[in-house]
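Look at the two complexes coming up: chain A is in both, with chain B in one and chain C in the other.
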Partner chain A sequence: MTAVLASSSIERGGLSPRAIRMIEAVIIPLGALVASAALFSVFLLFLGKSPVTFFNLIWTGGFGSAFSIQNTLQRAAPLILTGLAFAIPARIGLTLIGAEGALVLGGFSAAAIAIPLVRGGWTPWIGLPIMAIAAMLVGAFWIGLAGWLRHYRGVNETISSLLLSYIAIAIMNFFVEGALRDPASANKPSTMPIGDAYRIGPMPGTSVHWGLAAGVVLAVILWLLMSRTTFGFAARMTGGNVRAAQAQGLPVGFLVVACCAIAGACAGLAGFFEVAAIHGQANASLVAGYGFTGILVAFLARQNPLAVVPVAILFGALAAAGGLVQRRMAMPDATVLVLQGMIFVVLLVSETFYGRIPFLQPKRAGDRS
Partner chain B sequence: MFTSSLTRRSLLKAGAAGAALAALPFGAARAANPIVIGAVYVGPRDDFGWNQAHATAMDILKQVPGVTVIEEEKVAETDAVTQSMESMINLDQANLILATSFGYYTPFVVEAAKKYPNVQFRHAAPLWKEGDPKNAGSYFGYLNQAHFVNGVAAGLSSKAGKIGFVAAKPIPSVLSNVNSVLLGARSVNPNATVQVIFTGEWSLPVREAEASNALIDAGCDVITCHVDGPKVVIETAEARGVKSCGHNASQAPLAPKGFITGAEYKWETIYKIYADALATGSELPNFIAGGYHNDMLRNTPYGAGATPEAIQAADAAIAGLKAKKPIYVGPLKDNTGKIVIEGTMDNYDPVLDGMGYLLEGVQGSTT
Partner chain C sequence: MSQGDLFIVFIALIGGAIRVSTPFMFVALGECLTEKSGRINLGLEGNLVLGAMVAYAGSYTTGSPWLGVLMAGCSGLVLGAMHGYICKLPKVNDIAVGIAFMSFGIGLAFFFGKPYIQPTAPRLEAIPLGGWSSDPLVAQALQVNPLFFLGIALALFLRWAFANTRWGLILRMTGDSAASARAMGVSVDLVRLLATAAGGFLAGVGGAFLSLFYPGSWNEGLSSGQGLMAVALVIFARWDPIRCVLAALLFGAAGALGPSLQSIGVSQGYYFFNAAPYILTLFIMIASARSKSAAREAPGELSIVK
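Then we have the complex of A and B:
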């Protein structure tokens, strides 16, 4: 990167457009974060609370100790996967907000397919991959459906994916409260527990489950896919201009459905980890809002799969510290939501700064003299 | 360790550790045995319902000298609760965790109790059993007794003799409340009926309002409920000019004209038992369950909707329950005509915990 930067600097007497884009992609979101922190401080001052204490607690609760860091990472794990589930279709120009449904249905499928596996005495080494694959396939089908409706039927994918989420939750409730209900779960209908043998433990030396590692690996793979392959190039081109892509003979329908399916698989995998690492069964607790927080994560990461990871960790830290803020500052749970909301709005505003920061603009030919 | 040389970094580390040690308030500044009780709620503290009932009790506990109360609201029934409990233990040195939502127990409370054997965990539902960690436990109140009192008061405050019940899910604890309202109402008005609508979820405000309106349109002139936050139901009833009975916490301020009474937990009774045990260093009980006979329930003070006869009869019903007078006296049929209770059941009979039916006189279906 340094070489590219240096050589183009020499050629053009300034930063290359690529370097400028990279600098912008870092400083604009960071600036937005700082601005929203400042705004939030004003909000705190109006409430008569100390912003210093607040941000101190965010640090203590999010990163201040080994415990806090693991707390943050554990909360970040599902957000990486649901963040990816929003980011990938966004690269092809789709606004899909249905990751919640794919997560729930994926988790439910994993728990459902585990019932015969556990009963049949299958080893977890075979059973767990089957569960994970089932979760990803079902998630991929579910979001793929929204992509298919978009491309072949012209149905708005934002609306359809949101509505599909409600259908997904209803389907899970239908089975969990009916045919697949564990008779022992009288007051909280759930599927049969998958049992201790099928539970995924934490990663060695930590209390963080393996979903984090899966999320990071997938983020890297998907980043490579979207930025270093012809598939990714074609997808981004379609996202830029569908008609141009069609005119070029790109298989737009395939690309749309494939990107949606990838997104659904990510969300479904998050559901698998919720079942296998956290709950040990499927029930209404799967509907925890990770799918919707993932939208925020992806937005802040500007749909870059790699950036999803640190942003998810930031949101994990906010959630982890939220409890400490409630306890130490006697502030309601909504406090952290207000901060998240401010970040989101400031971030949307900051989008207008791309290509408009004066000192970062490439010099025009006429300016050379 | 022995081979490590004295580097700048290790010196810095040692210095930091020393500073941290010096900062710890050893000695007089720190009480001999600080009691820190952490409560985790699934919803907001001021929901006029389940969470508020616990938060109110915690507010009372805050007045007890030597007790520090820490609270977190809106903690989902997922590993968020594990993280919240561990954060209370690691960062605030909590020695008792009160996990107040049903779905917190398995696997979260059980696993946290195994991980932190020196911390006590108590969970607000009758789920602890022998074999579960000894430092975990359950506490629970049989709220259906207070709903029986609601039924008595409603039966004498209603002109139509029709009581509407907005229910969340057809699970045993909800069904027992519905049936107890019916039996309470029938004890004073043999023709009373209860009509129930299940919304299917613990918190669906819009559907709760629709259900309330539908019940009022069907002729019910007293509305009560078992949902997480009864606010919407009580407000809808008040706005439509019918009377209402509450659930979980006091909703009296929401219905100045039509409120009769409400079924409330008295969690502070249990919380004080725990605080006392921690203060004296004695063992916390693993299982506390009860109702009116051991001061774990109350009915909200009567509102403007309660008639004098209703107040008299409800007071008598409370006196009866305190003396363990049974609610389920057989033979009782369900609303499909099948005999479900043969003889007289004790109010705490475990058979009742598996209730899966609506009694004759209740209009509605569990499926």
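Then we have the complex of A and C:
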């Protein structure tokens, strides 16, 4: 009966269910963005600030000039990678919020392994790949651990991944304050600087570092992996129904751990770029909240690796404009946090509209309007 | 390490366990109440931080720390009620909503808390239970806050109420089987909304303890995952309020390990000992995840243990 209704609706309604799903996946998140902007405007009016000035400043600070666009892209680079770190496990049905820890630990490992490399006088052409691989391996291990615990020990991955984040930050602090501390870093304990030769320069013609390119390339690769390969199909099937996947004989445990390891590698790579392109050493600046904003990025992108890129740029712009808003409107730096929180809540409320937008529903044979 | 040092560490651990455990206790009791109704609220970390800020601001403006505690509870109540309302909408994932409220609550707290980082607000008074001892260390360790006793009383009350009252029965039934609750004419959404709001209130009170007693001031690094560890703690305590208190004391002691070792001059690996509560939580979760008794006592509707 239902099948008959569904097939007849395709013939009559004009829009195929696939098209409807795609339209929904665009207009519902966009609607959520508009709604949260409206809600935030009310919040600003309530505080006696002008929403028009606020959104103008966000535009100016995020996209207004060549400088601000590059600043935006610079901040979008780690967000793409941490967004992917949430999106990939989400496709297999896991809610992992530990990208912050993998980023910190990845960045720290890169900086730590750089110490003997720099001292030994290795060329950056060999040293930098070693650093990147170390960061990715450590990140993959860290998030992979949460996935392994989930599948083989039944430990809730959301809580365990966040706990692992705190442990990762403690591990970095332990070494940075102790064995690996650069004696010259008095006020802000850091590892030894990696030196100018090891710094990753900007991409030609811009001031944006190579992390952006790496993020975009990875987003495309992971999109292909998740939507065009048997691995991706098996992972998505596991995300839809674990029991069915097991009954089909899919290697569920391997898929879970592999997706988590990919996620951790992305976050670890973000840490590597933060160290090699921005800070030049590992210290508390690595704990900048990119891992947590990445969760929001992935949600807004509906866990689609390709959509992660534009959404990350949007949030990069928000972060880039934060300073401007703070100076011009005399508002605390947490303003961006409030806006992000609001977007997050509204976005989740908007999930309820999938399949319930009246004019998008396929017409049933019965109701002739 | 001499015997005297061991005594100092031991006393510091007990004092620390009492002091550090109180916020854990309130968040855990709140989460226990919410989870008994069959819903999980991962966002209590946000309630905790917002509660800490509101309590400090309230105490500073009104001059009464207890009024601050009440205001903190109310801020938690509002966040909890919003969480409860949103989760009853179809197709909305309660774990994701929890993460969203965590960041929303923390954002609000940081935003409105900026002016209150500098000033000093009146703090909650402690009850000096260590007056009998001439040892200043013991006296200092037994400076116990009334909220600690309030938390224990609340745990006893909840344990009694879950088992012996009509409300307790309705709550447990909603948590174990929504279908049978509906068949009895109980509004599942309403029960869960109330349980989430009440749980949010308790988490807010736990935050008030952080800013008004120990550590005793408002700043942005005040809470580091206590709200989230409390969620893990409830699973470990198998949804029993009394066991929640005991687990909170254990976590408090783990949290006090770093500072108490530092008090005798062991500062080597301070950061490592500070990570003790997280490591402990993780191991406890691994140990309790597949245990049969935990599975038996878990509320049947709870998504996190399925």
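The rule is short, and it goes like this: the second predicted complex is superposed on the first by the 350 of 369 C-alpha atoms of A that agree within 3 Å, B and C clash if a C-alpha of one lies under 4 Å from a C-alpha of the other, contacts with A are read in each partner's own complex, and residues count from 1 in each chain.
Just so it is clear, a contact is a pair of C-beta atoms (placed from the backbone, for glycine too) under 8 Å apart; a residue touches a chain by one contact, two chains touch by 3 or more.
Values in this document were obtained by computation on a predicted structure and should not be read as measured data.
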| item | value |
| --- | --- |
| Chain B versus chain C as contact partner of A:Leu164, first or second or both or neither | second |
| Chain B versus chain C as contact partner of A:Gly154, first or second or both or neither | second |
| First, second, both or neither for A:Glu351, with chain B first and chain C second | second |
| First, second, both or neither for A:Phe174, with chain B first and chain C second | second |
| Between chain B and chain C, more extensive residue contact with chain A | C |
| First, second, both or neither for A:Ser16, with chain B first and chain C second | neither |
| Chain B versus chain C as contact partner of A:Ser41, first or second or both or neither | neither |
| Chain B versus chain C as contact partner of A:Ser227, first or second or both or neither | neither |
| Touching partner for A:Ile278 - first (chain B), second (chain C), both, neither | first |
| Chain B versus chain C as contact partner of A:Pro332, first or second or both or neither | both |
| Common ground on chain A, meaning residues reached by chain C in one complex and by chain B in the other | 173, 177, 332 |
| Chain A to chain C touching residues, read off their complex | 95, 97, 149, 153-156, 158-160, 162-164, 166-167, 170-171, 173-174, 177-178, 292, 295-296, 299, 332, 334-335, 337-342, 344-345, 347-349, 351-352, 354-355 |
| Residues on chain B engaged by chain A in the complex (per definition of touch) | 38, 44-45, 70-80, 83-84, 86-88, 90-92, 102-103, 106-107, 125, 169, 171-173, 200-201, 353-354 |
| Residues on chain A engaged by chain B in the complex (per definition of touch) | 60-61, 65, 67-68, 71, 74-75, 173, 177, 186-189, 274, 278-280, 283-286, 288-289, 319-320, 323-324, 326-327, 332-333 |
| Contacting residues of chain C [partner chain A, same complex] | 42, 82, 86, 89-93, 95-97, 99-101, 103-108, 110-111, 113-114, 224-225, 228-229, 231-232, 235, 268-272, 274-275, 278-279, 281-282, 285-286, 289-290, 304 |
